[in-house]
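Okay, structure first, notes after.
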Amino acid sequence: MFLLSCLPILLPVLAGAFLFLWNPESRRAREIYVMASALLTTSIILAAILTTYTQGHDATDCTLVRFSSGMTLSLHIDRASMIFGMIIAVLWPITTAYAFEYMKHEGKENKFFGFFLMSYGVVCGIAFAEDFLTLYIFYEMLTLSTLPLVMHSLDQKARYAGRKYFIYSFSGAAAVFILLIFLMQYGTTLNFTYGGVLDLKKIVGEESILRAVFVLSFFGFGVKAAVFPVHSWLPDASVAPTPVTALLHAVAVVKSGVFAIMRLIYFGFGTEFLYGTSAQTVVMAAAIVTIVFGSARAVRAQHFKRRLAYSTISNLSYIVLGFTLMTPAGLTAGLVHMVFHAVLKITLFFCAGAVMYKTGREYVYEMPGLARKMPIVFATYTVSALGLLGLPPLGGFVGKWNIATASVALGTPMGYAGAAALIVSAVLTVLYLLPVTVDSIWSRDTLVYDDAHAPKDPNAYMCVPLLLLTAGGVALAFVSQPLMALLSGVAAGM
Amino acid sequence: MLPFYRYIPFLCILLCLLGAILLAAGKNGRAAFVISVAGALVTAVLSGILLIRLMQTNESFVFVMGRFPAPFGNELKAGPLQALLSTCFSLVIALSLLGGWSDLKHDVKPDKLNLYFVMVSLTLASLYVLTYTNDMFTGYVFIEISTLSACALVMAKDRGQTLVATLRYLFLSLLGSGLFLIGIVLLYSVTGHLLMKQVSEHIAALRATGEFTLQLAFIVGLFTAGLGVKSAMFPFHRWLPDAHGSTTTASSAILSGTVIKGTAILLITLFCRVFTLDTVDKLHIDNVVFVLGLMGMIFGSVSAIRERHSKRMLAWSSIAQMGYIFTGIGLGTRAGICAACFHILVHATSKSMLFCCVGRLSAVNGHRKMLKELQGSARRDVLAGVGFTLGALSMIGIPLLAGFASKLYLATSTMGSATKMGATLIAIALSTVLNALYYIPAVVTVWSTPDGESPERAPHDPTFVIAAVVSIAAVVLLGVAYTPVMHMVEVGFALL
Amino acid sequence: MLFLPLLFPLAGGICAFLIKKERPRNLCVMAALILTLASSVALCLRGAEPVTLLNIGGGISLRLGIDGMGRFFLLLMSAVWLIVAPFAFPYIKHEGRDRQFFGFYLLTLLSLMGLCVSKNAVTLYMFYELMTLLSIPLVLHSGTERARYAALKYLGYSVAGASLALFGLFLLHHYGGSGDFAAGGILPNVGSSQWLLVLAWFLMTLGFGCKAGMIPMQAWLTTAHPVAPAPASAVLSGIITKAGVLGIIRTTYFVFGPDILVGTWAQKTLMILALLTVLSGSMLAYKEKHLKKRLAYSTVSQVSYALFGLLLLTPTGALGALLQVFFHAAAKDVLFLAAGAMIYRTGREYADQYRGIGREMPVTLWCFAIGALSLIGIPPTGGYFSKWYLATSAIEYYGALGVVGAAVLLLSALLTAGYLLPIVARGFFPGRDYIPERREVGASMLVPMILLALSALIPGLFSGLLAMPLSLLSASLF
Amino acid sequence: MMSFLNTLVQHRYAITATILFVVGLMNLMQQRYLVRKVIGFNIMDAAIFLLLASRGYVEGRMAPVVAEGTAERAAELYINPVPAGLVLTGIVVSVSVSAFSLALIQKIYREYGSSDIKELVHLVKRED
């Protein structure tokens, strides 16, 4: 049974590697192969999650490598892993389908899909990691496996973006490495344990330095979670092909960072060690600043994907804010927003990508009248935008509501500031999302096309994912209560 | 009559020296190649046997050469650590030769080839002696021998550049060995002995009385400086990039992989066996070494970032890696020294692999050496590309590869002294990023094809294939199953 | 039962989008509106049990229910919507893009209906946001650069306001502020954290005040209303602003309850803001030449009358406010429609261009006159009563501030007279040398104006008719 | 004054060696021309050997040539032989090193027609 938890990691990695050796000639063959392996992985992930859910952890625990007594590369599926695992398991095949169409005009598909599959496995590893060492390992792997995707086009901008990306990521990883050393020294174990792993006897007198290490490693993971001030790789990385920006830079990679932060706070140092300390103040402040900063920059950004990237930065910090509250409510709230933001933001990116793909327009002021040509794309865009800007009862609102109320419940000035930041960012969100819709529908100066070249909605490869995701996003909002019931399991240490 | 395994160290040295003579006699380069590889492998096997044996019996022994008993005679001392290191060295040299063979044929005049292998076996011999010797003066002699043979290896590629590089290398080494010699002389005049055991006894006595502290400090300083020059410790590193960067592949691999380590090992031996760590600590030499190590770590990487020449970049990175080793030594603790020893193993395997792969990559791209000229070469020889990538990642310290393990050990070994811990952790974090800064772009370059045209595969190079596969295996193995190796190192340290 | 008033507009809106032919579309729109009105009447008579639409995680749920206040607004809004619609048919026809207009026209009504029947603050917030988003297309209708600018301004301000309200809600949730509405407040006795609650109230009132065009967030109103086509601006000024008022009523009387608010700094500040708005609105209207802009300014001022009344936190004040809501709705709608009709016919947009218009379109101008009188508050029109109640209650209950308030109301009434009556006067008495030509608008435009004019007039004549129930209603708030 | 002279006399070898060593070192470091560097290195070595030899020498004893019957009284009869042995080894080493380096210099001179280190470095720089 333990295969269930390690297969979803090994399978895509090997499948991706095999793609390089095989190097299929026909696009059709590759598509079938990639899709099959993606779907297979997805089904295995879901199976694993289901097994764990029904039969308990022991069913799926597994140790891949045993370095030494205390240090292992091992997998363990707990409630949080399930959530994250489910998100990626659902989104990956959809994105793959979208990518088939999109990558036609980007080229080098073989390389792309190879690394795309690999990163699937790696993200899975992050989701299922049992201890900090495993997490760290996959965290590094993630950087490496996604770097080629960011640098895909290998032109000047891509190289620059990639360079920035890996410098930031490696700096983050280096900080995490220091964390690892300290946990080995002051922790009882490296395994995630809800409530923290610190050895209370050892840390006497060392609290301050440990808190410093916490902050350091927070920003270390914060690189991937794009927390201010280590965020700036993300907007630049939006030069990557849209499937990458959509899936990796809105869901997989950045959520891995957020997920790691969650592990760090609740399963590493433990809330009672951090709650109410200056360390918490610092990280909360960082999250709050990021929320406002991200939205503000998004309003100013004119490049469509860049704007969405900044919006991602801001929204990620909603989640981080939830986590940094260090209360069960905050944890649940953060996870909820994690789920919703994943679905909504990937849809938005897909829309942006579809527009770029069909019309080659990248800037928001180039949209006038397009909605009348590409109704499906812009309808889905608008719905998801409404969801993201927090129109009740859609997803964004649920997340925002829970995070804000949780942070108010903190009762500290920081808590109120957090809620206020959410409000400000909500206003800004409207201002950077809706004008696109408005222009695309209402502007008078609709550009005139000769009907031959008039842009149309893209074909099913793109539209079906769009519609699926939008429908999913709306549907999720209506089951938000059971969803939260599920998520609160994490806070219960399940 | 002693049991067989006690002869092994002596036997290995003898084998190498005889091999050298034999090869000098022959004329056929290929035969010389086969012989020396075989010889290296044989010594490796022998040392391996010794290692296993010593691990079983958990002992270290003294081998008296000649008929003079202590305090006059000339001794070797072998423990698990020495056995381990010498196994590693033999293997690395064998692999380097295999990996660099085709380049040798390209770079060295055919009639000189056999002489090249003479030098190689001399190098191996000197390495063995430096590892095993229990006698200071023998150490000095073989430092000189290793210098000469190393110089020969550098100038094997007969170009003006390499000649000048060799010369600079030679003079600096002469300075270093000169310092070392003075150290010996002074030590002798203070203690009246040359055998490490006796010397250390005297030093213990001196410390008890508290005399000669200044002299001791001076002596240890001389040793450190002298050996530091030989193994490219930070301020004395300037000779290395040219020497290692400009010569033929095999030489670079051997020099970076092994030769600069030999003297470092001798330094470790002196610190632990002769002066004992707490003396060194009292004299504050370890702090100096520590600081120099850190500076080397950073400075080497920074210079590597600025370097455009592929092999010289690797050479700079060697300086940085030696920085790791000296940092470990400079910690002046058991854990630190063990980490240093482990890193010696790691760097020996990784760096020789890197050099071989780069050599191969530049070979398939028409022997062009500049980084940007290597574009797409990894596609011409995928194995070399993979090897280079893995080596680079290991140097950066990606988990599951050798580099990560040693980084981990070095970092954990700093726990205890707050200041050194902080400094080391920061430096390691910094150098990780810096390493990434020059290795990742290099990797990207070798894999990226210039504007889409797909380069054809280069013809296979069997010897390189063997070398690459084995080294890759070694690097991964050291990264995954490092616990037993580390165990050997620790046992060996206890028995130093 | 509760869903019907939401269902009909929704269905109608969708039909309006789909049906291409004009007549059937108009028919279906009318039908939808009539059905909406009917269903809301029925709902008001029958009443209904509160229902839960959806439980959102985090201890909140979307609930619908109907109560007195809901009934009042429900009827008002659906009625006005129905009345204005016929006017819009010809008007929009010459503006173009009819399907889009009527679709959103009906959907906006849907959101308003929802606003009236929402049972707790979150639901209210939801429909409030929805209303903003759905009414934007009405502003955007022409699609010109000005319209876009106005729409985005409108959007920004409204969302900012709504978010302020939401922030208040965040603060409240902890104290049960997201529970069902109940007259007199639903907050348990909160001792120490009262400052927080008062702050929350202040923010929420400011937020909802944005829609009601209260200082400091009134700037959008005078940009957005004029650019919209006349029927749209009519309902925007007449009704949508009232949605803000409803929001404030809900928060003040149904969530916080007057008791914990009376005499707080927040109340005084807000009252001052309201008075400032009243005054500045009238002054700007007086200075403004562009007719629709002028009317928009007057809206700013007039709606703040109602806010002032509400903020007095007294039964009489509340009664005055409710009356003001009703009468201003009627009067301002008729004014906008009349203005629209005049512009529609003459194409003149500035207040001083309507010399002799009374000869050319007498009915229109009569309606305009009645609306103006009611807005000024000249007996026996309805406006008189509302302002009377407001002034008296102000003086009764509040010392200095009350007197100042009364004075301001009076002054503003004079200004109102100053900026409305001249149009009427010059319209009817252009002077001798004027050769009028008949160009009265058609019945479908006249009927709504007349109806609205009457509704601004009649209840004034028989004031009991309206005042009785409303006074009961306002009394029930305390 | 006297005592100072005494110490000078006592440590005459050491002092001479030091002076020589410094001279040699300076040559090795500062000289531009390679041959001179080699000479400097030789001077340096000579200094060291002098020092070493002086360590082993004891006033009034004879060279350790073991004759009949003197073996048992070796300890007080002979000077310490070890340093002498070391010196011999050292000389061998230094000779071979000098030879090597001279050969190298010759090669370089053939290559570049110069033995000026600065110039050489410059030339090499120009190569790549």
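When the chains are written out, they are named A, B, C and D in that same order, and each has its own residue count from 1.
Methods note: contacts are C-beta pairs under 8 Å (C-beta built on N, C-alpha and C of every residue); 3 or more make two chains touch, one makes a residue touch a chain.
Given the structure is predicted, the values throughout are model-derived calculations rather than measurements.
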Farthest chain relative to chain D (centres taken as mean CA coordinates): C
Euclidean distance of C-alpha centroids - chain C vs chain D, Å: 106
CA centroid of chain A to CA centroid of chain D, Å: 69
Distance from chain B to chain A - Cα centre to Cα centre, in angstrom: 44
Averaged-CA centre spacing for the pair chain C and chain B, given as whole angstrom: 85
All pairs of touching chains, each written as two labels joined by a dash: A-B, A-C, B-D
Residues of chain A defined as touching chain B within the complex: 65, 67-68, 73, 107, 133, 136-137, 140-141, 144, 147, 151, 154, 159, 162-163, 166-167, 170-171, 173-175, 177-178, 180-181, 184-185
Interfacial residue positions of chain C with respect to chain A in the complex: 53-58, 60, 62, 122-123, 125-126, 129-130, 133, 136-137, 140, 142-145, 147-148, 151-152, 155-156, 159-160, 163-164, 166-167, 170-171, 173-174
In the complex, chain B residues that touch chain D: 72, 137, 140-141, 144, 147-148, 151, 155, 160-161, 163-168, 170-171, 174-175, 178, 181-182, 185, 188-189, 194, 242, 309, 369
Chain C-touching residues of chain A, taken from the complex the two chains share: 333, 336, 386, 391-393, 397-398, 401-402, 404-405, 408-409, 416, 419-420, 422-424, 426-427, 430-431, 434-435, 438-439, 442-444, 478, 480-481, 483-485
Touching residues (chain side chain D, partner chain B) in the complex: 21, 25, 28-29, 34, 37, 41, 44-45, 48, 51-52, 55, 82-83, 86, 89-90, 93, 96-97, 100-101, 104-105, 107-108, 111-112, 117, 120-121, 123-124, 127-128
